[in-house]
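Scroll down for the structure; my scribbles are underneath it.
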Amino acid sequence: MSYVRDVGALARKDLLLELRARDTLPAMLLFVAAVFVVFHFALPGTPSRLETTGLLWVAILFTALLGLGRAFVPEREQRTLDGLVLAPCDRSAIWLAKSLATLAFLAAAEVVALPLYALFFHSVAGATVLAVVLADLGICGVGTFLGAMAVATRARDLLLPLLFLPLAVPIVVGAVGASVVASPGRYLGFLGLYDLLFAVVCWASFEYVVAE
Amino acid sequence: MSYVRDVGALARKDLLLELRARDTLPAMLLFVAAVFVVFHFALPGTPSRLETTGLLWVAILFTALLGLGRAFVPEREQRTLDGLVLAPCDRSAIWLAKSLATLAFLAAAEVVALPLYALFFHSVAGATVLAVVLADLGICGVGTFLGAMAVATRARDLLLPLLFLPLAVPIVVGAVGASVVASPGRYLGFLGLYDLLFAVVCWASFEYVVAE
Amino acid sequence: MLTARRLGKRYGEKRVLRRIDLVLPRGGFLVVTGPNGAGKTTLLRICAGLAQPTEGTIEREATRAQVGYLGHDPLVYRELTALENLELYGRLYRLPERRERVGMVLERFGLWEARHERVASYSRGMTQRLALCRVLLHDPELLVLDEPYSALDEAGAELLDAQLAELRGERTFLLATHDPARVEPLASAALALAS
Amino acid sequence: MLTARRLGKRYGEKRVLRRIDLVLPRGGFLVVTGPNGAGKTTLLRICAGLAQPTEGTIEREATRAQVGYLGHDPLVYRELTALENLELYGRLYRLPERRERVGMVLERFGLWEARHERVASYSRGMTQRLALCRVLLHDPELLVLDEPYSALDEAGAELLDAQLAELRGERTFLLATHDPARVEPLASAALALAS
Amino acid sequence: MGRTSRIPLPLLAAISLVLVTTALAFVFFVAPDDANQGFSQRIFYFHVSIAITAYACFAGGAWNALLHLWKRDPNADLRSYVCVHQGLIFGTLVLLTGSIWAKISWGHWWLWSEDQLVLFLVLYLFYCAYFMLRFSVDPGPQRANLSAVYALFGVVLIPVSFAAIRLAKNLIHPVVFTLHGPNFGGWILVTYCIAQTALLALAYTLYRLELGGKRLDVRLRRLREVLA
C-alpha cells in the first residue's frame, strides 16, 4: 500500500513539473504531427494499410524516445536524484513513477496522433489500439529505465537511443504484426510477455542504477 | 574579424563539450544503424522509394530535434548563459556559434546516414542532398533561436516550444517536397528563402532574447 | 551510531580519502573540517549512504528514513513551490502529521510567507533554508550536514544555532564546516581532514 | 563609476527593490548587506548589467569588457576543465596575453595542479575559486562580487582578502556579503537593504 | 568463468592451439564436400561455432554481471566486461564469416529479408551500445553497476528476439539441428564438434589473456600509488 502511495507521490510530482515547465509534451506533439506531414507528402495517393501501419509505429516509437530523453531532465538539471535516492521508499518506485508519468505523456500524444492517423490514412482497428497500449507499457518501462542509466553518463542524450533501439526491436515486431495480421492474438501475447519480462528485470535492478 | 573569432571560440566550446563524450561519431554510426534496423522491422518487405524517402526525413527530423534539444542543455543545466551574456562580444555571436555547433552535429549524423541509406535502401538524388543542406540550415538556425528562448528564464513561461511547430512545418514541407517531386527547383528556392529570412530575423533579434 | 574502519575512497586514479577511522556514538556531534578539496563532502556522502567507500567498511545504525542529509545542492525542484517540495518529501517519508510538520518547519525557518512561490524565484539563502526544512522535516536520528551555514544571513544562522542546540544530545550530528568556531560549543568530537 | 537613481525592481506583483539611490565613485568599495531575500543579488545583477531595473535609472561608466561579475552560480561549464573554461573566457574577452593570464590566475587561487580536471569533479570550494579566477581573468575595472567568500576555506578566504586589498583603490568594488566584518577594513561605503 | 588459479595460461594456450590446428585439419581434409554447395560449405564449421561461442561469451558476461550485482563479487565487473568484449570480437567474426558465406551462396553480402541476420545485427548493436555506455561513465562502482545491469538486459533480449523472429516469419535462415537433423552426422558432426570445442577453448584463452592483462594494469597502478 505504501508502495503505491510512494509511486503516486512521485508521479504526481512529475506531472506537476510538466505542467509548470511544459518541456516534454509539446516536443512530442510537434514530432508526431511533423511525421504525419512528412508521410502525407512522401506517400501521395492512397498508400496501403501495411505501409502506413509501419509509419504509425515509427512515429510512436520516436515520439516516445523524445519523451524518454526528457524524463530525467528535472532530476539531472537540479541534481535532485540524491533526494529521491535518500528517501526511505523502495528505489523501484522511482522507476515506476517515472514510467507512469512518461506513459501519461505518450498516451496524451497518442490521443492526438491516432485520430490524426485515421484522418490522414486509415482507420485504426481495435487490435491496433490494444497493441499501442501494450507497446506503450514496454516502451515506457524499458525506456525510463535506460533513461535513468543515460543520465548517469557523460554522453547522455545521444546514448539513450543507442541503448534503447535494440531493445525496442521486439516491440516493433510484435506491434506491427498485431496491427496487420488478421488474428493478432499471438502478437499481443508476445507483447504482453515482453512487458512482463522486462518489467520484472527493471523492477528488480533499478536499485543498482540510481544507488552506488 | 573579432566577430568571427568570438563565434569560433563559442562554437569550439560547444564542440569540445560534445566531444567530451569522446565517442560521438561512433555513437552516431550506431544510432543510424539502429534506426534503419527499426525501420526494417516496421516496414517489412521491400519499401518503395517514396516510403523510404519519408523514413529518411523522419530520421533527419528526429535527429535534428534531438540535437536541438541538447543545444542549450549545458547553458541551462549549469546556468552559464549569464557568463556569455556578460562577455563583450556581440550577442548574436552566441546564436551563430550555437547554430553552427548544432549544424555540425546534425551534418555529422547525416554524413553517416545518407551513404548508409543509399547502401541499404535507395540511392540519394542530388536534389535531396541539397534539400537536406537547406533544411539543416533552417532547422538549426530557428531551432537554436527558440532553444535560447526556452532557456532565458523570462521566456520559459510562454508556450515557446509550441512555436517551433508552425515554424518548422514549412521546412518539412519544402524539404520533403524537394526530394519527392520531379522538378524540385521551386521547393529548393522556397527553402533558401526561408533560411535567409529567418537567419536575418534571428540574427537581429537574438540580443533581446538573452539579455533583459 | 556510525562506525567507519579504514575508510578509503578513490575516484579512478585519484585517492581522496585514506584510512579514516571514525566512531560516532549515538548523541554525538562530530565536526569535520579541512581545506577545500580535502574530502569532507565525500566523507559525508559516504556516511549518509549516498556513496560507497572503495576501501574499508562503514556501519550505520540508522535506517534510510532516519538519516537527514544536507548537501551542497538543496535537492529540491526549482519549478515547484516550497510547499509542493516539502509535501513530496513528507509523502516519501510517510510522515504521520505531514501537513502540520510541513507548516511547522516552514515557519521555523521563516519561509511561511514564501511557501507558494516557486523555488526558482527564491534567493540563495531562502533556498538554503528550504533545504534545511527538507532535512528536518522527518526529524531524523542522524543528521549529516555539509556546510549548513552557507548562504544564511545572521538571523538564519541563529535559527540554525538554536535548532542544533535544541537537538544536541538527542540526535547524532555529523557536520562539515569552514567555520568550526561557530559550532565549537556543541561539538563532542572533531575530525580534521588534510588535503 | 556607478550612479543609480530611484532604482526599483519588481517581479510581477512582487516589489524587491524600492528607491535605491547609489553613487559609487571610481576606486570606491561599496559593501551591500541585508537579510536573505533582501534584494542584494537583484541589485548586483542590475549593476553588472545582467538585469534591467523596472523603475529608475542606472549609469555605468564601464563597458561590458570592464565589468567582472561573480554571482551565486560559478558560470563555468562543468564538463570542461578549468583550463578550457578560462581559455574560453580569455578568448571572449580578447585578452592580449591570454595563456599567461590564465596560468597566473589559476596559480593565484591554488588551482594550478587541478587545471586539467573537469569542473564536475571539483569540490565546492574549488569551483568557487575557479569562479574568482574567471572574474579576475580580464582584470576588470568594476568588480561586482556576490558573497565571494562563500564555500572558501580559510586559506582561500585569505587569498581573496589579499587580492581585494591589492586592488582596493585601483578598481571599483561592489560586494554583497553576510559577514561585513570581514571586509570592514576595505569598505569605503555600506548599503544595508531591509527585507 | 574461472578464477586465474585453474589452468595455467601457457598450458591453456597450448591446448587451444592444438585444438584449432586439429579443427582446421578436420575441416579441410576430413569433412566431406557438401552436396549442394561444395567446398565453400566448409566455412559452416567456423561460422556456426563462432556464433555459438559469441553467445557463450555474452552469457558469461551476463553471469558475471549477476555475480556482481547479487554477490557483490569485486572482480566480477572486470570479468563481465572481458566476456562481453570477447563476445563482441566473435560477433564481428560471425558477421564477417556469415557475409562471406552469403556472398558465396546467395550472391549478396547482406540480405535484409533474412530476419535472423538482422536479429544478429540487433544483438551486435546492443553490445556495441554496452561499450558506449561503459566508456561514458567514469570508472567506479556506478560504472560497474550500469554495465552489469545492461549486460543482464542482453540475456533477456536474446530469447525475446528469437521469439520475435519466430513470430515474424517462419525461419528462412537455416537451423541446422532441426532442418538437417537426420543427415547431420558422421564426419560432419565430428568435425563440427571439434571446431566448436576449439573455438570455445580459443575464446577462453583470449579471455584469460585479456583478464590477466587488465588485472596487471590495476595492480601496477596500485603499486605506483603506494610508492608515490
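Chains: A, B, C, D and E, in written order; residue numbering restarts at 1 for each.
The rule is simple: a contact is a pair of C-beta atoms (placed from the backbone, for glycine too) under 8 Å apart; a residue touches a chain by one contact, two chains touch by 3 or more.
Predicted model only: the values in this text are computed from it and were never measured.
Contact with both subunit B and subunit E is made by A. A centroid comparison over C-alpha atoms places E as the chain most distant from subunit C.
Annotation, subunit A versus subunit B: rotation angle of 175 degrees from the Cα superposition, expressed as a multiple of 5.
Taking C-E and A-E together, the pair of chains sharing more C-beta contacts is A-E. In this assembly, the C-alpha centroid of subunit B lies 44 Å from the C-alpha centroid of subunit C. Taking each chain's centre as the mean of its C-alpha atoms, subunit D lies 58 Å from subunit E. Each chain gets one centre point, the mean of its Cα atoms, and the points for subunit A and subunit C are 36 Å apart.
Within subunit C, contacts with two or more other chains are made by residues 11, 52. Multi-chain contact residues of subunit A (touching two or more other chains) are listed as 21, 153-155, 159, 162, 165-166, 169, 173, 212. The set of subunit E residues touching two or more other chains comprises 122, 125, 128-129, 132, 136, 138, 140-141, 168. Taken pair by pair, the chains that touch are A-B, A-C, A-E, B-D, B-E, C-D, C-E.
The part of subunit B that touches subunit A in the complex is made up of residues 20-21, 23-24, 27-28, 30-31, 34-35, 37-39, 41-45, 47-48, 50-51, 53-55, 57-58, 61-62, 65-66, 69-70, 73, 76-77, 156, 159, 161-162, 164-165, 168-169, 172-173, 176-177, 180. Those residues of subunit C that touch subunit E in the complex are listed here as 11-13, 15, 52, 54.
Considering their complex, residues 2, 5-6, 9-10, 12-13, 16-17, 20, 74, 77-80, 82-89, 211-212 of subunit B touch subunit D. Partner subunit B is touched in their complex by these residues of subunit D: 48-52, 63-65, 67, 69, 71, 73, 75-80, 84, 88-89, 91-94, 118, 134. Across the complex, subunit E meets subunit C through its residues 138-141, 221, 225.
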